[in-house]
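The same chain A turns up in both complexes below, where it pairs with chain B and then with chain C.
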Partner chain A sequence: MARDLDIVSPRGRLTRAALAGWAVLIYVFLFAPIVLLVVFSFNSNKYGTFPITGWTSKWYGQVFHDYQIRDALTTTIRIALEVTVVSTIVGTAAAFPLVRSRLPFRSGIRITLVLPIMIPGLLIGISLLVLFTSVLHQQLSPTTAVIGQAVYTTPFVLLLVAARLQGFDASLERAASDLGANTYQRLRYVVMPLLAPAILAGALFVFTLSLDEFIITLFLIGSHNTLPIYIYTQVKFGITPEVNALAALLLAASLTLMALAFVLPALVRRAVRLVPRKAGA
Partner chain B sequence: MASPSSEATQPADVALPLGRPARRSWTARVGEYVGFAPAIVLFGLFFLVPLGLIVCYSFWQTVDYNVVHHWTVDNYRYFFSVPTYVKTVWATIWVSVVATLLTLAVAFPFAYWLARYVPRRYQKILLVLVILPFWTSYLLRVYSWLNILGAQGAMNRFLHWTGLTDQPVSFFLYDRPAVILVLVYLYFPFAALTLYASLERFDWNQFRAAMDLGATPATAVRRILLPQIRPGLTTAVIFVFIPILGEYLTPQLVGGARGVMIGNLIVNFFQGAQYTRGAAAALLIAALIVLLLTLFRRSLEVEDPYGT
Partner chain C sequence: MADAAAIAFRGVMKRYGSQVALQPTDLEISEGEFFCLLGPSGCGKTTTLNLVGGFVSPSDGEILIRGQSVNKHPPYRRAVNTVFQNYALFPHMTVRDNVGFGLKMARVAKRDAAGRIEEALALVGLEEFADRLPAQLSGGQQQRVAVARALVNQPAVLLLDEPLGALDLKLRKRLQIELAQIHRDVGTTFVYVTHDQEEAMSMATRIAVMNHGRIEQVGTPFEIYHRPNSAFVADFIGESNFIDVDVGPGGRAALDNGAEVPAPEPRRSGRATLMVRPESIQIRRIAEANGSGLRGRIAQSSFLGSHTRVAVLCDGVETPVTAALFGTEGAAASDLRPDTEVVLIWDPADVVLLEGAEGKEADAVDVN
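== the complex of A and B ==
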């Protein structure tokens, strides 16, 4: 490594210290806004900002008793569950032909499938708004929001599962066939257990994305509210401590879910590794 | 493969060596692609068709709140005839360019430090810490800055405390600098990740070889490092610049009247039921994205999401 070089040259050591200092500043920059948000949610000042007049958890109590928030929470979770189901199925199913078949226009198809992540959500939102209201004459509802969100979240499942399929030893499947397994059995006992961690991670990822999704939902939700939409409508009138508390709760939920998305698949993988041994015994 | 319909043909398939099967029955071939069916419905009907619709709408007319299928470029002509809109387009490009460059400038030294000076076993955890805020709600990440930049926010409190100001300054909020600051905050993880990914693969011995041969560190960075991480740089630029072009929330919450971007115009058009004009403005963003992707196409071809 370059370590020896730095010891020789004092200038190198200085550069290194400066870079480390920069990194510290960056972590402060990244976390200060979020930490402050949480701090303010416990601040008894009713304007939700400085000065800190004392510590309280009453804003959290208000969050739990606000019926609008409870409504929004129900809608949010309902939408998130539906989006997760749709995205997981569509994304997993599409990963197979994407990885395994010799497609014509393969790169074109691949780009189309990943495009919804790349282009601004605003474009997805307004284009679906036009489709639903002007062409299909559909009432905007949580269902239209589910469709919009699924367009954006499905590519994530697709990428995760496709990556896993790519690194998947096809001879395992052949071995299963050699031993007399039919297609269903191959899928059930060979392919799915190996893909399960990726699918689970994808599902948790999608659930979190849906929970936090804002811009597409804004256009497609109609008269309902999800939590981000509710927060947005409140923020227009200024910061309130209640919104800070709600925000802190939402932050905690996303972080927990994402942590699960990392930890659970590893656990599943370990569990899956044990299963065939048992079955074989 | 994903379909039961290929079952009948499987034994023949299996008998073949590991290479690709020579001939496949009709059902097997359909079975191979059947997994795409739901995706074709989802992405076709609810992604490509709507985008095509927006293209059409931008060339149609709104008459008395009804869309008339009459082909015209009036929406574009109208858009460019209003000086405020044209100014907003330039402002959007300007803000996007500045924010992207700043994001890269902030992220590069960080990624460089992480890839070169941090022991490998700590790199991953430090990287996770960078992405951590990114996993939280996008709305909340913008919102959290109101606590800092607002009139009663941390920044003003700090200035007041140091005695630099005696009145709260609203300078921080509701102008372009605030928008750019928050955009850098939002997209820093993208840039840091992509830059780290390419710096991590770089062989630092080349760097030392260059310096042994008399290059200054700056020259070594410019002549040895930068050319090799160019695909990473391009990816970073694309992944930061494109979403910023379509930003709506950041200018809306922290930008105020002076921080308006195209995204806000589009939303205003659509909320005012001026679908065709809104579509034209939206297509302008799409055009800018296509332009950018064409410019960087060559570098992009190197990238492959699955590494096939």
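== the complex of A and C ==
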């Protein structure tokens, strides 16, 4: 086959080699900084940069012994969990009227609902800051940060669940109704199980977004620190190896969660398929 | 029929805006019937089924299931179950859980439910597939699961909405036989919607032929075929020849050119359409003919295996008249070359007179 191609375009091999080289360059451009950061996090050089003087994992140990980092980590995870719960519930609930009801201007409403994804975080941060402090006279706290982040993350859940709901075969609900299921039972046994993969993916997505959300959080968190904010404040005094280690950890966590968001729905489906077979054996 | 009918419509009608989907309709379906709603798409047959199932509420009139008005009951409170056209099996549940869904909703004890599920699966021959997901089954198997899932609830009536529409012809034929068998086994009233007249004829105990939101005729397959009460029914079920005639006393039926053709005694004299099935027509050479008959010339003779179809251009009739000749008659017709002069004859008892010029609003004439 390769030979057939060579006949059609004699210089094809050269072109393909050039394209492959270009692809490698793009990869280097995208990922070299991240790889470098991970490499530095294992570098024993205490300035956290070249030259590499030896390999160590002590920076990771120090990360966990620093009370400021532990504090920021706790705040980050707490906020991420709260944002996930709020966004998942609000986003899922909002998907139903968006897809199912006969609202006028439905596509317009859809666009406005997902607008926060496109609105600069700066704007969301400032507008909520004004709202909380000047209008509502609220103390800034992790809770105000949760609300701010949820404004930005909820549309992601909404989009994922609405897409799934759009493809939902309405005759399944008719069938459930025909078989005696009332509204609650239809939701419980038919609609929710079929939406679950989308809801789960949405939740994981939100959690990941929340973990490293910076701008909105910076405006609204008050005197507390999340990890991204802590890292930012540390970098002002120079890059330390601890910061490298911390960033590498954050990266690992994000990647794991993202992978889960993709893999989990398939795993759930497979589990559903396996369980009854075990019961039958 | 001392008991209340399984289903009764009392002046039921359905309107969508200004469009009438079902004209005011009275209908009774008895316990144990295999009742077919037959008609072209848009004739109101699915609307009728949805009215029984509760997915559509009537604009007027009353629907009774086993003598009880169900107008205000949502689908989940009606003693009917439906086999949907696309089966609508729950993709996240095994065959067993699909079949057991209705029992679970009705809070039937787990042990009783397990037995009934097995029974229902045995009825449709799918015991070994209980732990599969719907996606792992063929179309025919999915259709059987849908039947089992509906029947396991022991409904007063089983509604089937073109359940075989998505299957290929061979499988459809087999499942037609299976469905009729299941109907005999369980004795449940079946109401079956289809646009396929052969399907209706092969399974139904009674057929309602529908057109333009109206039931044109209700009867056994035999009645519908041999005694259609309108040109629409005659045309929709099987094949028919329609010949415009002037009828008079004594079974006199004259074409526009004055020639007389065999016909039964009419209910009243005047304009009528004479309907005769192709297989009721016999062909005689002009030399052999005696008495009245329809004269014409052979246009085309086609041998189709089981029978021979002959199209004849007749004097005084606009469209060619089709005759279907079986057996020895068919063999004899093989030497009928085009332009051979022939006379078509038929037994007046095999003819239906549809009165009114086009037979459109015609009443059937009782010829016996």
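As a convention for this text, the second predicted complex is superposed on the first by the 256 of 281 C-alpha atoms of A that agree within 3 Å, B and C clash if a C-alpha of one lies under 4 Å from a C-alpha of the other, contacts with A are read in each partner's own complex, and residues count from 1 in each chain.
By our rule, contacts are C-beta pairs under 8 Å (C-beta built on N, C-alpha and C of every residue); 3 or more make two chains touch, one makes a residue touch a chain.
Predicted model, so just to flag it, every value in this text is computed and none were measured.
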item	value
Which superposed partner A:Val135 touches (first chain B, second chain C, both, neither)	first
Partner chain(s) touched by A:Thr208 [first = chain B, second = chain C, both, neither]	first
Partner chain(s) touched by A:Arg174 [first = chain B, second = chain C, both, neither]	both
Greater residue coverage of chain A in the superposed arrangement, chain B or chain C	B
Contacts of A:Tyr189 with chain B and chain C, given as first, second, both or neither	second
First, second, both or neither for A:Thr15, with chain B first and chain C second	first
Partner chain(s) touched by A:Ile239 [first = chain B, second = chain C, both, neither]	first
Residues on chain A lying within both footprints (that of chain B and that of chain C)	171, 174, 177-178, 182
Residues on chain C engaged by chain A in the complex (per definition of touch)	53-55, 74-77, 80-82, 84, 86, 88-92, 94, 96-97, 101-102, 104-106, 130-131, 133, 149-150, 153
Residues of chain A that touch chain B when the two form their complex	1-2, 5, 15-16, 19-20, 22-23, 26-27, 29-34, 36-37, 40, 47-51, 86, 89-91, 93-101, 110, 112-116, 118-124, 126-131, 134-135, 147-148, 150-151, 154, 158-159, 162-163, 166, 170-171, 174, 177-178, 182-184, 187, 208, 211-212, 214-215, 219, 228, 231-232, 235, 239, 243-244, 247, 250-251, 254-255, 258
Touching residues (chain side chain B, partner chain A) in the complex	1-4, 6-7, 10-11, 13-14, 18, 32-39, 42-43, 46-51, 53-54, 57, 67, 106, 109-110, 112-114, 116-117, 126, 129-130, 132-133, 135-141, 143-148, 150, 152-154, 157, 185, 188, 204, 207-208, 217, 238-239, 242-243, 245-249, 253, 263, 266-267, 270, 275, 278-279, 282, 285-286, 289, 305-308
Residue numbers on chain A that touch chain C, as the complex places them	169, 171-172, 174-182, 185, 189-190, 193-194, 272-273, 276-277, 279-280
